[in-house]
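Next come two complexes built around subunit A: one with subunit B, the other with subunit C.
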Partner chain A sequence: MYRYIIRRILLMIPTLVGVAILVFVLMRLLPGDIVEMRLASEGAYVSEETLDKERARLGLDKPIWQQFVNWMWGICRLDLGESMWTGQPITYEIGIRFQVSLQVAVMSTIIAVILAIPLGMIAALKQDTWVDYAIRIFSIAGLATPSFWLGIMIILAFLIFFTWAPPMVFTPIWVDPVANLSQLIWPALATGYRYSAVATRMTRSTVLEVLREDYIRTARAKGLWEKLILVRHALKNAMLPVITVIGLEFAFLIGGLVVTEQVFNLNGIGKLFVDAVGNKDYTLVQGLVLMVAFVFTITNLVVDILYAWLDPRIRYQ
Partner chain B sequence: MIQNIRSSGIGIVLGLIITLMFAPQGIAAEKPVYGGHFPYIVSASNFPSMDAHREVTFAVVQPLAPFYSLLIKVNPENPSDPTDFVGDLAESWSANKDETVWTFKLRKNVKFHDGSLMTSKDVKASFDKVIFPPEGVISSWKGYFPMVEAVEAPDDFTVVFKLKFGTKAFIPAVATPYLWIYKADILAKDMHWYEKNVMGTGAFKFKDHVAGSHVEGVKNPDYFIKGRPYLDSFRAIFINKQAPQVAAIRGGRALINFRAFPPKTRDDLVKALGDKITVQESPWNCVLIVTPNHKVKPFDDPRVRRALSLALDRWEASKTLSKIAIAKPVGGCVFPHHPLGLTDEELQQNIAGYSLDIEASRKEARRLLKEAGVPEGFKIKFHNRGVEQPYKVLGIWVIDQWRKIGLDVEHWVQPTAQFYATLRAKKQAYAVSMDFNCRGVVNPLLDITKFLSDDIVGNQYAEYQDRVLDELHGKIMKEIDPVKLKKLLFQFEKRVLDEEAHQLITLWWNRIVPHHSRLKGWKISPSHYLNQDLVDVWLAKE
Partner chain C sequence: MAVDRQILEPSTPNHLAETKRSKWKQAVFRFIRYKPLGTVGAAIVLFMILVAVSAEVISPYDPLETDYINMFTPPDFTHWLGTDAFGRDIMSRIIYGSRTAMLVGFTAAFIGATLGLFIGVASAYFGGRIDLLVQRLLDIFMSFPLIILALSVVAIFGTGTEKVIMAITVPLVPRCARVVRSSALAIREIPYVDAARACGFTHWRIIVRHMLPNVVAPYLIMLTAFQGQAILLEASLSFLGLGVQEPTPAWGLMLQGGAEEYAESAPWMAIFPGLAISIAVFAFNVFGDSLRDVLDPRLRGAK
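Coming up: the complex of A and B.
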């Protein structure tokens, strides 16, 4: 098991290198110049000499291959460099936003799991009844509804009926839990609903499949309680694909909630991404993409380990 | 009769009582109230650095100006007057006869937030950093001071600017809202310190900054104006999208967005909040300029450029577009209705494209196009920035107007970064483009540098060189007689907009700022960079 984990961690390296090369090249293919954006926008006149000096300071006057080597050398030393826009370390810029995105991701996941697993199971048990149809409508509506639109509706509803808006500034939960939750519960609900829709449908399908297995029939024949059969036998076996879905969705939520973060004015990774791309902040975009790639690969690894924990057969393999 | 007197006496007394009941309330309603926390919106994601000498974005000024002072500033009581300046750190100022030596007397009771006394050394060091930046230091405002020869500090509370020539551009330049006074001792140790740190003399002290989220400040109890500021604290919240901005104001999470809202949003807020919302509007020192590329045929022909201008019905657009866009005032190169600029009548009578008879103008436009050999249905790709307000709105209007003179126009819209790249490429990357000129303090002599030859200024993208204009501007910069100056500016505008039609002014912007009625003491100015120090702002009780 440990050898498997170590092998998977080592396999992450070529994945991340590939991602690094791709994002480096793509950013430089797009037209635009961060120095012009920063110093020559808003109609100001700054001399070409000044712009060239700033480009030199940022290392943009060096050959592309040299810029890449310098950056990769920094990565090897776990130094993502500095934002070309703010001059702050990339780790600092990401760190501030990461806690917001992480909390939204965790809350959305909790909401999704709380909704998806019970609803998916009930839908499977009550297949083709009105309960099943109601749950399927609920989950299809979740799939069809963009989470940012739902977020807008939530905000509008509060404004129109209560003249109230969620807080616009993030407060850590350990500082003021009420302020924290009153800001983040709404984006978590909006994204969690969509997230739960995917997981509900997956849970329903897998539970239906498992309920038709021989060992379930045997368990029933042995006279076990239905609840025991469902929880101990059916659910555990049905969870494997559901965990994959939940894991991938969680990874996506870190950095993927671009529009939802804009709607709720969350100072998260998604918003940082958009700003960094708009500002042509090469180093920050590269750092963000690497971070997201890392999160995805780690999440996949965690999911695989969970697989092994849930299914002893995989463990022994 | 005695009864009548008694009745009338009782009536008088009653009247007095009623008057006394209401009069104090009427008077007290506008008396500033101390205390309160002021949350407001900065319509941006973050600022690049905290050094206003280096940056040009309003995202620096709006959250950080409360921590700093200027030498002089636009009068906060009268910010709509572009010629009214008052001292901030300066108590008074004067010039010699030919305005080549300006002497500023400083206040003596000003302290930095660390308790140290502000002296002329600090003012000199700050202006030296801007005007004569050392190697490795970027000053985005150096170009505003071509006239300054030296800055001196003969004593602790006197600063002297020696100019190479007297010019009316100097005082407005000094009032530029980015010219915060920094501490000389800090600059001596590290010229880059202010990029990541705050130390000023402003009405508020720095408390907190979370990148991408907010900036917070608290009242400076040692502020040099006694009785100011009124507020206890403020929080500048970064919200760069309009929907959450509106939600924040409607929900009371912020009291104002200092930049602006479009007309529809103003109307929605008024409808939603009624008298809880107050709206202030002002002409804005920003303008969209149609820029024909002089190196691309047929736009090298002034007849074609003139025709493009003649086609635009600016007066009608001012009435109609102002209902959907942040664009309204009609003007020339100089800020509308500035004492040095062209009046409406002068524009209508002297400048192509400003006549009230649009049909005659368009007839002339078609004639000019024909004379220049431009066929009916000639295709133009009009380059524009992918921002709704007011770029795309005005872009669509321009296209519509040009179609009325038989041109076939395609709208080529690019996102901001690519837009700038195309504009600045100077490789005839576009034929006709929208450009803009957005400034802080209204300073006509410097604002019109936009139209000089492109080998003199770096932000003229029409790729032309006009030595007549350059020479004229040189005279304008050195003319201190207002009457002669106005005549020279008239000649300048006539050449830019009429004789050569180098660039075409569309409409100047209109700044619309709806805010909670609780917010008092802030008056709108022609620029979203101005009047941001919050010194006079107070909050009425809810």
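Coming up: the complex of A and C.
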């Protein structure tokens, strides 16, 4: 097991370095130079002197390999540089917004799991009946509905029927748990629906597969109580791929949050990212893309390890 | 079955054409019979293509025409789906928006899947160190969620229809390449590839003539699956103001254009464009799923 974990971590390093190189190269692909784009793109006159000063501040006057080494060294010290828009350190900008996004992500995961496992299980047990069709359409619709539109519809419904608008200011959970939860449950629902759709489909297909296994027939043959077969034998074995999907989708949530936070006016990582792209804040975009890719890769690693821990066949391959 | 008939019966070119046609007819018939949901999806897709092509003919108003007397008109007989903040007819904008969605969706999915097809097959064909290198590169691209990579491309190249197509294409390429490669790996082991090489054919010829035709199934599956994703991604980018730009009619853009601010006074502005997106993506998804089941059941679960 330890050897497996160590091997997986070692395999992750080239990917992470590659991601860092890609992000670094991406920002150098810009037509023109980022300082000019940032300061003089709207046609305003900016003196050469100001541009040079800004370049020096960002270290862009140095040769490209030195810029890369500096950047990598910064990453190792968890220093991603400064935002070109606010001038604050990027790690600070991310830090103050991380909590909101993380909480919404965790809440949507919980919603997804609560919805997906029973629904997928019922659909599999009632295969090809109207119940199965209804659940399948519900989940395919979840994949097709844009989460931002679902969010707009939720707000709309509240405004029309309850004249309630989502509060503009974020309340942390330790200040007022009720206000916090009632604020964040809706964005979590908007992102969680899509998430649950993916997990429902996965649960359904794996339960169907497991139900055809020999050990289920054996359990039935020896006269085990049907409910016990389902919970002990079927569900337990069907959970592996479901856990993988839940883990992978957790990493994808960052993508879903990009639009949902915009709708619900939440000042989280997703909104920061969109604002950074809109403001042409290249250093911030660079830092955020890198962070997202790292979170994504590490989530993948955790899922892999969890999988190997649950299924010994994998770690001995 | 078709092969038997060809052997038993005198195979004049006329006959061949007929068996080929009836084979197609049979396949379509089987699809309709066993995949009702997929057929509904296919019908909606066909309908949307028709709408997009004939937008000029069927849309009741000019989608760009502003009418300041009839702002925020609720749905009625003159404006079936109401009007927006500039008095523009929402139904006409949705009809023209289908053109944008189809254009962006189809172009991005086609370029993305085709590039992925070539990369995947070439990677499997050459194998060894090249394969390893390509795989690591794809890994790197796959470590960004779709929308994050698309947004990064937008950050670099800016907004606008062509740039949005590019932004959506980039994250799709590695996803198709990955799936195609795994199918191509199996084909590479079949002796006819070795035979082709023994004949002294060039790498290009072997890849295009001998390997590509055998990975058409996963390619087509990815192509349809990408359509839905591309439409959803375009809508998200446009909604964020980082995709297609005004005044081009686009579904995502219609939701951004004040839909939230006007939610209280003009809910139809937010409801209908979102429905259009959902139905379009739904149709492509169910059609793609059924196509996958029919063409290649082994790919079940592949996204």
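Keep this in mind: the second predicted complex is superposed on the first by the 288 of 317 C-alpha atoms of A that agree within 3 Å, B and C clash if a C-alpha of one lies under 4 Å from a C-alpha of the other, contacts with A are read in each partner's own complex, and residues count from 1 in each chain.
Note that in this section contacts are C-beta pairs under 8 Å (C-beta built on N, C-alpha and C of every residue); 3 or more make two chains touch, one makes a residue touch a chain.
Worth saying up front: this structure is predicted, and the values here are computed from it rather than measured.
Student: Give one of first, second, both or neither to describe whether A:Val169 is in contact with subunit B, with subunit C, with both, or with none.
Tutor: first
Student: Under the stated touch criterion, which partner chain does A:Lys53 make contact with: subunit B (first), subunit C (second), both, or neither?
Tutor: A:Lys53 sits against subunit B, while subunit C stays out of touch.
Student: Which partner chains sit in contact with A:Ala293 here, subunit B, subunit C, both or neither? Use first/second/both/neither.
Tutor: second
Student: Check the residue A:Phe98 against both partner chains and state whether it touches subunit B (first), subunit C (second), both, or neither.
Tutor: Touch partners of A:Phe98: none, neither subunit B nor subunit C.
Student: Just subunit B (first), just subunit C (second), both, or neither: which does A:Tyr195 touch?
Tutor: neither
Student: In the superposed arrangement, which partner chain does A:Asn267 touch: subunit B (first), subunit C (second), both, or neither?
Tutor: In the superposition, A:Asn267 touches subunit B alone.
Student: If you stack the two complexes on chain A, which partner ends up touching A:Gly87: first (subunit B), second (subunit C), both, or neither?
Tutor: In the superposed model, A:Gly87 contacts subunit B only, not subunit C.
Student: In the overlaid three-chain picture, which partner chain does A:Phe250 touch, first (subunit B) or second (subunit C), both, or neither?
Tutor: neither
Student: Looking at A:Phe24, would you say it contacts subunit B, subunit C, both, or neither? Reply first, second, both or neither.
Tutor: So A:Phe24 meets neither subunit B nor subunit C here.
Student: From the superposed pair, tell me which subunit A residues show up as contacts to subunit B and also as contacts to subunit C.
Tutor: Shared contact residues on subunit A: 30-31, 152, 155, 159, 262-263, 278, 280.
Student: In their complex, what parts of subunit C are in touch with subunit A?
Tutor: My answer: residues 37, 136-137, 139-141, 143-148, 151-152, 154-157, 228, 232, 235-236, 239-242, 252, 255, 259-260, 263-264, 267, 270-271, 273-274, 277-282, 285-286, 289, 300-301.
Student: If you look only at subunit A, which of its residues touch subunit B in the complex?
Tutor: Interface residues on the subunit A side: 30-33, 36-48, 50, 53-54, 57, 85-88, 92-93, 96-97, 152, 155, 158-159, 163-170, 262-265, 267, 271-272, 275, 278-280.
Student: What does subunit A use to touch subunit C in their complex?
Tutor: Contacts found on subunit A: 14-15, 18-19, 22-23, 26-27, 29-31, 136-137, 140-141, 143-146, 148-149, 152-153, 155-156, 159-160, 202, 205, 241, 251-252, 254-255, 258-259, 262-263, 273-274, 276-278, 280, 282, 285, 289, 292-293, 296-297, 300.
Student: Where on subunit B is subunit A touching in the complex?
Tutor: Interface residues on the subunit B side: 45-49, 55-58, 136, 138, 140, 143, 195-196, 210-214, 235, 237-241, 243-244, 247-248, 250-254, 272, 286, 415-418, 420-422, 424, 436-439, 449-450, 457-459.
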